[in-house]
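Two complexes follow with subunit A in common, the first pairing it with subunit B and the second with subunit C.
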Partner chain A sequence: MKQYVLRRVALAVPTLFLVSIIVFLLLRLMPGDVATRMVEGHAYAPTLAALRHDLGLDRPMHAQYAEWIGNIVLRGDFGRSYWTRQPILDEFVRRFPVTLELALLTILVSVVIGVLVGIVSAARQDSLSDYVGRVLSIFALSVPYFGLAVVVVVLPAIWFRWTPVWTYVPFTVSPAENLKIMLIPALVFGVTRAGPIMRIMRSSLLDVLRQDYIRTAWSKGLSERRIVLRHALKNALIPVISLVGLQMPLYIGGSVIIEAIFRLPGVGLFFFEALGKLDYPVVQSVNLIIAAMVVCLNLLIDLSYAFLDPRIRY
Partner chain B sequence: MPSWTRGSATKLGEELRLSAERRGYAPSDSPADGRRAPDGALLPASPQDPKARAKPALEAARKSRPWYLDVWVQIVRRKPLGTVGGAIVVLMLAGAVLADLIAPYGYAQTSLRERFVAVSAEHWLGTDQLGRDLLTRLLYGARVSLYVGFGAVALGSTLATLVGVASGYFGGRFDLLLQRAVDAWMAFPPLLLLMSIMSLLGPSALNITVVLGLAFGVQNSRIVRAVALSLKEHTFVESARALGSGHVRVTVGHILPNVLPTIIVVATTGLSTVILTEASLSFLGLGVPPPYPTWGGMLSLAGLDHMYQAPWLAVWPAVALSLAVFGFNMLGDALRDLLDPRLKGG
Partner chain C sequence: MRRPALLLAVLLLLVSVVPTPADAQQPKRGGVFRIAEREAPSLDPHLSISFLTHSYVSLSYSQLVRFPNGPEQRSPTDFSIVPDLAEKWTISKDGRVYTFQLRRGVRFHNKPPVNAREMTADDVKYSLERFMAKSAFRTRFEPVTGIEVVDRYTVRVTLKEPYAPFLNHLANPSFCAILPREAEDRFKDFNAPEAVIGTGPFVLKSYDKGVRVVFERNPDYFMKGLPYLDGAVIEITPDAAARVAVLRAGKAELPHIWGWLSPEEAKAVQKTNPELSVTPYLIIGLPYISFRVDQPPFNDVRVRRAVSLAIDRKAWNDALLFGEGCVDAGPVPCALKEWKLDAAKMDAAKAKYLVGYDPVEAKRLLAEAGYAKGLTVPMFHWPGYVVPWRSYYELAADNLGKIGITVELKPEEYGKYSSTTMVGKYDKMAMGPSTPFTEVDDFLFGRFAPELPTNLSHVADAELTRMLIAQRREMDPKKRKQIIDDIQRYLADKAYYVYAPQWPQYVAHPQYVKGFLHHDGYGLGMRLLFTWLDK
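Let's look at the complex of A and B:
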């Protein structure tokens, strides 16, 4: 187990190193010049050359890269925004709870809906409820979340004169107010993500329900509820967990759009605004931090299999 | 190109599917009534038996149709949802191709006297804030979705095949290095990476097609690699090598035809994802620039204020996008069930 974790961490280091090179090069090789825009549009410095020198853009590329990555590795310093001169990590940490809460609520919504409908579908295969569940999952798979989000913002406003709350309240200030704000975005996003979970829950539970140990459980005279929920569900959940893990990057990517629509001050919005202003350090560092999180998360998910299925050992 | 290699791939798929049906995994939208394919002769052989898997289908009953035509007949016969999906795709294609002929107005034709018309005889789906006909714009929007979708998937499938087959077939250090690069690429949340690239390249139809194609190719090279890896061990590859075929002949003549069904499945199931991603980028203003209409762009936040006045501005593009994704999903699922059931459940 310990060895396995160590090996995985050792593999993650070169991956993240490559990630950092990819983002860095992408931003430098592409057209578009942040200095010109800052001087001409916003008069950040008297001349272009002065600003380039200030930002360190006049130095060779490898030196810029070495400085960026060196500061991260040695001092945990992710650099400062070109425009606001604020430390990126502070801003990230301040905004991360919003994105995390959105992601967790979304996962909660999609897993609860997906697993419940999946269980009913599998336990009552080919019944009316199975049919309804399957149609629902196809529906959820097809509706784009941002389309649904726009419709959810617009239609209730016209029909009931009701609009989502636009001013964000942190969870620590008022949990009730905060949940009221987060509920609609999480529901919209979660419902559209529930489709694949429903499908995989159904097929995996059907698979498990046909195994020998389930037949043994039936012949012992156990109730259906006990067999499905206690004996079969735990094993059937493994593919569901790996699906949620695999979809984690999608939750994070989608949060950019959801945060933009519902005006939530999260990391996604921070990233989107930085992109619009060609704020290289912010785009680089946020990409890198999130990639690192995805890598860690994948490891945690792999380890959780051992907990769910004692036959799996690392 | 020997024809039996192609036959053996569909045969393998068919066999796995039938054995799955026997174990009770009916494909979700087909009745498990045990209908047998014309070549059910191989059924007694267990699919787990490596000899049976690798055995070229020399003794197979000769099909009257080649597999790439037979698949469509099978879909219409056995996959009602796949047929519906296919019909939607055909309709969308027709709308996009014939947009110039059937669209009642020009896509940028404004009419300030007819702003925010809801539904009328002249404007079936209403008009927007500049009096542009929504139906016309949806038809032209289908063009963008399909152009970007098919373009990116074609580019991406080619890339995935090249990278996947090369990586899987040659293996070794080459494979190791290439796969670490793929690992790094896949560690990014796809949307963040695509947004970064698109905002720097600038929005245009060509840019978004190339970028989405690149992303699609890198991601799916894994699947192609896995298939190529397993094909490499088959005896027909060994015998081809023993007969003196070079690497080019083996990969192009033997591996490629057998990877083809997998690639078709990956491409069709991927189309809906690519179309959706294009729409989300256009939604953020990073896709195809206005005034050319795109479904994502029509939904976008820029028009939100107008949507309160005219909710159909939000509803119709959302419906069009959902229908398109539904159509490609169902068609892709049906093709996958018939061509390569090993990819199911992912």
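Let's look at the complex of A and C:
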């Protein structure tokens, strides 16, 4: 187990190196640069050149990369935003709790809905509740979360002069106010992410329910509730957990739009605005931090299999 | 005796209780004004050219001179000059020396390290010099050769030549906020919320990044009794649909930093929320098609004229702008009424190339220029501009197609667009909107003077350049207007740019918002100075 963890951690290094190179190059491949964006239609040559020099954009690309990655590795310095000139790590740390809370609430909503509907669908296969569950899962899969979010923001404002857009209050200041703000975005995002979980849960549980040990359990005269929840569910959850792990980048990626629509000052919005302004250091550093988190989470999820299924050994 | 006295008492009571029209208009003090808007990229007015930055900090900073606002203004585009920190000023006979007398006793906001120190001539010199050293707008002050402190309350600015746009540029909130040097010494620049220390009507109290910016009334503001509001809050709302939703739900007084809605949004809001005040204003804007007039085929005036005659401006106006747009949109925008020479007042034979629609004549001109079988040209543009821009590009392509010019629409990513097309680096033809400048010089010298990156059509016309320089140097407004009229007459049939109709912007807010008058330009503070809440 220890060896496995060490090997995975060692493998993370080239992964993150590749991520940093790809993001760095992709940004440079995008047309235009941040200096032109900063002076927009007033790009008088002397100012533009001066600005480019000031930002270090007139140096060779490999020198820019080496300085950025070197500062991170050697000093833990993720650089400063070109636009606000504020340290990126400070801003990330300040905003991360918002995105983390949104992601956790979204996972909670999607797992609770997905697992519950999946169980009912599988346990009552081909019944009315199964059909309803399957239709719901297709609906959740096909409705884009950003479209649903706009509908939830706009329609109540037209019909009832009410909208779920509030001024953000941190959880530490007022938990009740905070949850009032976070719940609707998490529901919107969670419902749309629950679709795949419902489907995986259903098919995985159906597989497990057809296995010999479940037949044995039935023959012992156990109740359906006990068979499904105690004997079948734990084994059927493994693919669901894999799916949640795989969806992790989607939870972070999706927060970009959800945060913009619901006025949540999280990392997603920070990244989104930086991308729009071609704020290279912000996009690069935030990407790298999130990539590192995803790598760690995937490792944790892999390790959790051993807990769910004692036959799995590393 | 007792009965008449009683009657009189009742009458007096009634008179004092029943509101009169005069009472209804009496501004009330108090209340906080909420604005839903995107986050400004930074707060330093000299290091950013963003309209969001300038509008945010216009609440806190003053300038030497400013434009009239609220009850002072005659129209939303009244760009006459009124005192701000400068009480009065004189201009030397040769138009080269400006001497500004500052108000006495004006104090900066009571925030460290400035701590309500008095604003003096040193601050003006420091701020103007910082602007000229650091701002991307600094070429506007290129004729300035020296700034001197004559005494504690007098500043002298010397120019190398007479420069008529100078006071307008000084009054524009995008340019010359007067800042205290100590704040830069302490905070390195003026980006930190703590560094926003001005002499303006509102003090920046707190800034929760990504959430809200809170301003409170400056109790020591030099215009006594103003502002009426206790404060203003910018609720950072990145999504456009969410901004309109918070207006509808009564969670904000403005759905945009200036209250703007597009005509389409405004029509929808008027239908669903008749209780809101939604007013159209003709704004400074100018949709244009630009050409590489230094290259074929657009070096031939007949081809450019054919393009102009192919544009059915009236049909555009009716179909896209609910008939509310201005058809005669350039080269001076319709809203700049002081300087605009209407096409109707020009020689009709020339003006037809500015506003006319004649596809038959257009085809004839094309054939005469050697394109009887038509031609194919690209049109570079950024598709991300607000509604109705996308339709504009398509309509232009459709109109030109009808006379035999096949338009290949070339949408560009904003980064590429802003670094190439927007600075004149494109092939053959492009289309887009103009920045809402407040000074007519930007629409003339800026668009037509050789070598400037804002001269998108690459015009190099010696006769025109002579007039462009002359209007800059003419200090008598009447004589300057004559030159500008001559320039507009001269440009009418040149078709260096082809103009499309400009639509109005609607300003939306609840009815209890009073005194908020629209004024074009990048400021907000002065608009809020006279705003009050009737609730």
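Keep in mind that, in the parts below, the second predicted complex is superposed on the first by the 303 of 314 C-alpha atoms of A that agree within 3 Å, B and C clash if a C-alpha of one lies under 4 Å from a C-alpha of the other, contacts with A are read in each partner's own complex, and residues count from 1 in each chain.
We take it that a contact is a pair of C-beta atoms (placed from the backbone, for glycine too) under 8 Å apart; a residue touches a chain by one contact, two chains touch by 3 or more.
Note that the structure is a prediction, hence the values are computed from the model and not measured.
> Should the superposition on subunit A be reported as showing a clash between subunit B and subunit C, or a fit?
In the superposition, subunit B runs into subunit C.
> For A:T167, using the defined touch cut-off, is the partner it touches subunit B, subunit C, both, or neither? Pick first, second, both or neither.
Once the two structures are laid over each other on A, A:T167 reaches subunit C alone.
> Which partner does A:V150 contact after superposing on A: first (subunit B), second (subunit C), both, neither?
In the superposition, A:V150 contacts both subunit B and subunit C.
> Which partner chains sit in contact with A:N71 here, subunit B, subunit C, both or neither? Use first/second/both/neither.
neither
> For A:R95, decide between first (touching subunit B), second (touching subunit C), both and neither.
second
> Is A:L269 touching anything from subunit B or subunit C once the two structures are fitted on A? First, second, both or neither.
It touches subunit C, and subunit B stays clear.
> First (subunit B), second (subunit C), both or neither: which does A:G254 touch?
After superposing on A, A:G254 lies in contact with subunit B but is clear of subunit C.
> Could you look at A:S304 and tell me whether it touches subunit B, subunit C, both or neither (first, second, both, neither)?
So A:S304 meets neither subunit B nor subunit C here.
> Going by the contact rule set out at the top, does A:I158 touch subunit B (first), subunit C (second), both, or neither?
A:I158: touches subunit B and subunit C.
> On subunit A, what residues does subunit B touch that subunit C touches as well?
On subunit A, the overlap between the subunit B and subunit C contacts is residues 30-32, 150, 153-154, 157-158, 260-261, 272, 278.
> Note which residues of subunit A are touching subunit B in the complex, please.
Answer in residue numbers: 14-16, 18-19, 22-23, 26-27, 30-32, 134, 138, 141-144, 146-148, 150-151, 153-155, 157-158, 199-200, 203-204, 206-207, 210, 239, 249-250, 252-254, 256-257, 260-261, 271-272, 275-276, 278, 283, 286-287, 290-291, 294-295.
> In their complex, what parts of subunit C are in touch with subunit A?
Its residues touching subunit A are 39, 41-42, 48-49, 136-139, 188-189, 191, 208-212, 235-239, 241-242, 244-246, 248-251, 272-273, 412-420, 422-423, 435, 453-454.
> Okay, in this complex, where on subunit B does subunit A touch?
Result: residues 23-25, 28-29, 81, 180-181, 183-185, 187-193, 195-197, 199-202, 276, 279-280, 283-284, 296, 299, 301, 304, 307-308, 311, 314-315, 317-318, 321-323, 325-326, 329-330, 345 of subunit B touch subunit A.
> Mind listing the subunit A positions that touch subunit C in their complex?
Answer in residue numbers: 30-33, 36-45, 47, 51, 83-86, 91, 94-95, 150, 153-154, 156-158, 161-163, 165-168, 260-263, 265-266, 269-270, 272-273, 277-278.
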